[in-house]
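Next come the structures, one after another.
The same chain A turns up in both complexes below, where it pairs with chain B and then with chain C.
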Partner chain A sequence: MLPAERVQKATGLRLFWYTIWARAYPRIIGSTREKSWLFFETVLPLMGTASYVFVYRAIGAPEAYTGFVVLGGAMTAFWLNVLWAMASQLYWDKDGGNLELYVVSPGPLMAILLGMAVGGILMTATRAVIILGVCSFLFNVSYQIASLPLLVLIFVVTMAALYGMGMMFASIFLAAGREAWHISNLLQEPIYLASGFYFPVKAMGFWIATFASVIPLTLGLDAMRQLIFAGDPTLGFLSVEVELIILLVLSVVFIYGAIKMLAKLEEIGRREGRLIERRR
Partner chain B sequence: MSITRSFLDTPFVRRSNRLRTFITAAWLGWQIESNWADPFLFAIYSIVRPVTSVLILVVMYSVITNGALQEPIFAYIYLGNALYILVGQVITGVSWSVIDDREHYRTLRQLYTTPMDGYFYLMGRGVARLIIGLISVLITIGFGIIAFQLPISIGAINWPMLLASTILGVLSLAAIGMVVGSLTLMLARHFWSLGDAISGALYLFTGAIFPLDVLPAWLRPIGFAFPVTYWLELARRAILGPNAAKFPTLSGFSDLELTGILAAITLMLLVFSWFFYRWALHRAKENGIFDMETSY
Partner chain C sequence: MDTNLAIETNDLGRVYRLRGPKRKGDAKQLVALDGVNLEIRRGELFGLLGPNGAGKTTVIKILATLLLPSSGVGRVEGLDVTRDVQEIRRRISMVSGGETSGYGLLTVEENLWMFARFYGLDNVTARKRIDALLEVVGIADRKRTKISDLSTGLRQKMNFVRGFISDPNVVFLDEPTLGLDVTAARDVRGFVKQWMHDHPDRTVLLTTHYMAEADELCDRLAIIDRGKLLACDTPENLKHRLQREAIFNLKVGPLGPKPSRDAMIEAVPGVRQATIVEQNGHTELNLILAQEDVLSNVLAHLTRRGSSLISLEKREPTLEDVFVDLVGRRLDVDTSHHAEGEHAAG
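Presenting the complex of A and B:
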């Protein structure tokens, strides 16, 4: 019998880092092991996006709007992922019995949330790219990218803010119990409307667009559209630079909020003994 | 339960196992759908989603046409989207019962040890979502009349045609829901998105929010195969009367012809769903997957 290999115990930042990848692992590897999800996760939003393209065609909209819808349709994947696989995830984990394993493991809960976000972004990016590619091909969308580095930067910051918000929501949804399901349902169409997923958010008017800017995808999508469909006069609620600064602020606020809320929820949950109670 | 009890106690219902199953399942479905929140929150939840969904289309339309809401195509789009609420609600209402009972409440095994009729149980479970859907449709249409002056006059509505087409439409949707629910009995993966996938496909192919003529010619025949296409056309004609927009694909059909086609497809779907359910149930039991908890 071989002598047992001595395992080096991870602590501090190393533990945090390992925990992130341990939680991201099933999402990343899982998506490559079972490819059938690609059909279900891309065809469904693709049909919804195509419907909105045909509406624009039925009312004689300029061709540029097809591009707006295609980009918005691709970005819905991220919003749905944040709602169903970030915000609701701790609740699912509680229901499935995983949360208690997370709690008793030495890995920090914040790192687990971050791991979910990393895995979620990678998995959803695949889905978004497919929707974007297929729809662009089917509907013959042409792009005029003003600045690729800025576009990438906007995307990264938007994702940081968006998934930061998802991490913050995870604690709120866990506290909400079985209402989490309905909250997620409720936050779909209203956000598609307010954030301008299928039309330039400027069309909603200044005040609604301002309030909707709390959702990172509002400004992220507007900035990306400005950079991808350069020169279209219907775009640009704010300038790309201003939108980038606001998105950076939102990222910091949401991630800080997520840390605070998770700590609070854990403390209350442990004190009242309801953190892993499955009946709620 | 007291209202349900009075139904169950009537001699006619007492004699029928299927009717008792259906009514009890409808009551159970209503409890599950509505008791998670107080009535106020539940009402908001039932209103906000459909209204914002239709507002997306209103904004899209207004941006392009500078607010020409009096054009017939606006009423066509608005009504189509409002009525379509029922499609998703009924199909997923029936099919999700299997997921709820098997995966969430883990009661499928216990349910099927009772003398209930499974087909009528699933149909009954869809009633709650049908009621919620109907309320949402009425609110959305009412909102359209008040906010966007939809050309609808209560007195001018062809009620017999609206009722007949809606009953047939809902029955056909319930049959589709049964087929999806039966498939769910045999699936271990992806069952979450099956109902949504079907209703998403119908949204695209049935001319719910745009005339079928806009679709490429090779895709249009798909729309003709689904009952939703005919139900939506009939309901629009019944509600809007002469104000209904006419498009070449369906304008050649008279009301009677459309009703006949809808009735024939509905009947076929109901018969098919009955046999398909029995086959799927048998397969699920044979393969030992009937009560599996996949945690997928």
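Presenting the complex of A and C:
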């Protein structure tokens, strides 16, 4: 039988920490159990990347573009993850009956969202590394890294901004319900184009590049390319330092936005009975 | 504010705004709860009994801080459900029947561990409690089964464990035995009773459709219908209300076409409630009579309608009878079928 004494329960920051990892866990363990995910999230971006490489080679594009595409392809995995596994996750969790239990538990909703993000980043990072490794080997890409610490910093800040945006989307998508699918579909392809997954964003011209910069991957990718393929003149929509600052601002805005939206969502949900309704 | 009260509601009301396509003249809102007053003491196993749509789940969701009341006040351990949300969440848990929570890829143990962490349990404590509780509900051997591979009953037992893993003060159980077979339902009820016995200072609020379940489990219960509380007492006292009345089950020959209103059985003086079910070739009548001697009037009425008595049984009042007496209809799971039967026979 159960021991009679009361259970000690963490609160505050420790509870926040527990909650993040508890929610990250199914993401991390899940992908080792569901092999089809590995296929969709690795092989598909890999094929997309490879086809661009072949197109570039066929039309005689500069050899440097191969490297750009490979890096872009690896980062695509993160974008897909944010779109399909972050933004729509609360919606699924509501559908499955988990959201209610998340809300009644003392673990903060924001920690739950962060857990989803952490799990997503870790899992997707393995995919990105696979894509990067396989393509670099296949297409014989050479890298000239200007500053590794700066590169890591840019990557981290890009992830913060990107998943911050994903967390904010999660609330919006939940409020929008089924319509959200269309938004996701709508966003997927144009973003590939505009944010320069497959070629330097600078080539898109100033205005499109500026608009596309709202998506954190755009500047993150441009900055990372500048650092990895140092000295290529087609790169550098803005300087790495400026891009870093903008990315920092974006992450603060998105994460702050996510916190606010989530609080709002819970408030409206409790008032209008949206947390408890079942669609099925 | 009484500190010995685990749950207290004061004129609690909830109105849902109805969304979605509406035709002209359709109601824009629905009153799900209307002036509900409840006082549940610490250590009580309290039941909410009512038909579909009565408002049982709404009460639970308000008390569990998932839904705001439209009017009135709700308190859990003296804390206000509107304001003291975080503090309440630390002390409560909720399990609903037919729940599909968790992630199918996780094992039973992993799924429970995840929820335990949301409540701030450290690793060692979480694992210890998972093992102990799985043992108690008899599914320790399923610890490493993926939850997508569990049957409904096993899954519900797992959900149950989740509800108790965090050592809550107040547990909300919304139709916990929904969809379970007799054995599984008995196990679940047994577990609740045992837990209450081992933790005399804890409180359970449970909703149910099943009269027998309410009768067996609950220290006290409230009968609720259409958002209103009709009665609140111990099962014994509720049944005691019907002590003066006489309750009969009759089996009679076919009653023929539905007569006019004042020729129905309900119109016989002294008949308080009558529920009538047509069953292959005969009719079953369940009557609550003001006194026993009203029976002769009923029999005379049946003779006049050309029906003959097949069997007759007098019995002790059950909660079902109390419910019929208060609500005016039976609490059948399948209400639509029943309404038809009444209509045809009336």
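We adopt the following convention: the second predicted complex is superposed on the first by the 264 of 280 C-alpha atoms of A that agree within 3 Å, B and C clash if a C-alpha of one lies under 4 Å from a C-alpha of the other, contacts with A are read in each partner's own complex, and residues count from 1 in each chain.
The working rule: contacts are C-beta pairs under 8 Å (C-beta built on N, C-alpha and C of every residue); 3 or more make two chains touch, one makes a residue touch a chain.
Since this is a predicted model, take the numbers as computed values, not measurements.
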| item | value |
| --- | --- |
| Superposition on chain A - do chain B and chain C clash or fit | fit |
| Contacts of A:Leu44 with chain B and chain C, given as first, second, both or neither | first |
| Contacts of A:Gly273 with chain B and chain C, given as first, second, both or neither | second |
| Touched partner set for A:Gly107, first chain B, second chain C, both or neither | second |
| Touched partner set for A:Asn185, first chain B, second chain C, both or neither | first |
| Contacts of A:Glu34 with chain B and chain C, given as first, second, both or neither | both |
| First (chain B), second (chain C), both or neither touched by A:Pro26 | second |
| Touched partner set for A:Thr11, first chain B, second chain C, both or neither | second |
| Per-pair minimum CA distance [chain C against chain B, superposed on A] in Å | 6 |
| Residues of chain A contacting chain B in one complex and chain C in the other | 34, 96 |
| Residues of chain B defined as touching chain A within the complex | 36-37, 45, 48-50, 52-53, 55-57, 59-65, 73, 77, 189-190, 193, 196-197, 200-201, 203-204, 208-211, 214-215, 295 |
| Parts of chain C lying in touch with chain A, wherever the complex brings them together | 16-17, 57, 61, 64-68, 86, 89-90, 92-94, 96, 99-103, 105-106, 110, 113-115, 117-122, 125, 129, 132-133, 136, 146, 166-167, 198-199 |
| Sites on chain A touched by chain B in the complex | 34, 36-37, 40-41, 43-44, 47-48, 50-52, 54-61, 65, 96, 178-179, 182, 185-186, 188-190, 192-193, 197-200, 203-204, 234 |
| Residues of chain A defined as touching chain C within the complex | 1-4, 6-11, 14-15, 18-19, 21-23, 25-26, 29-30, 33-34, 96-98, 100-107, 112, 269-273, 275-276 |
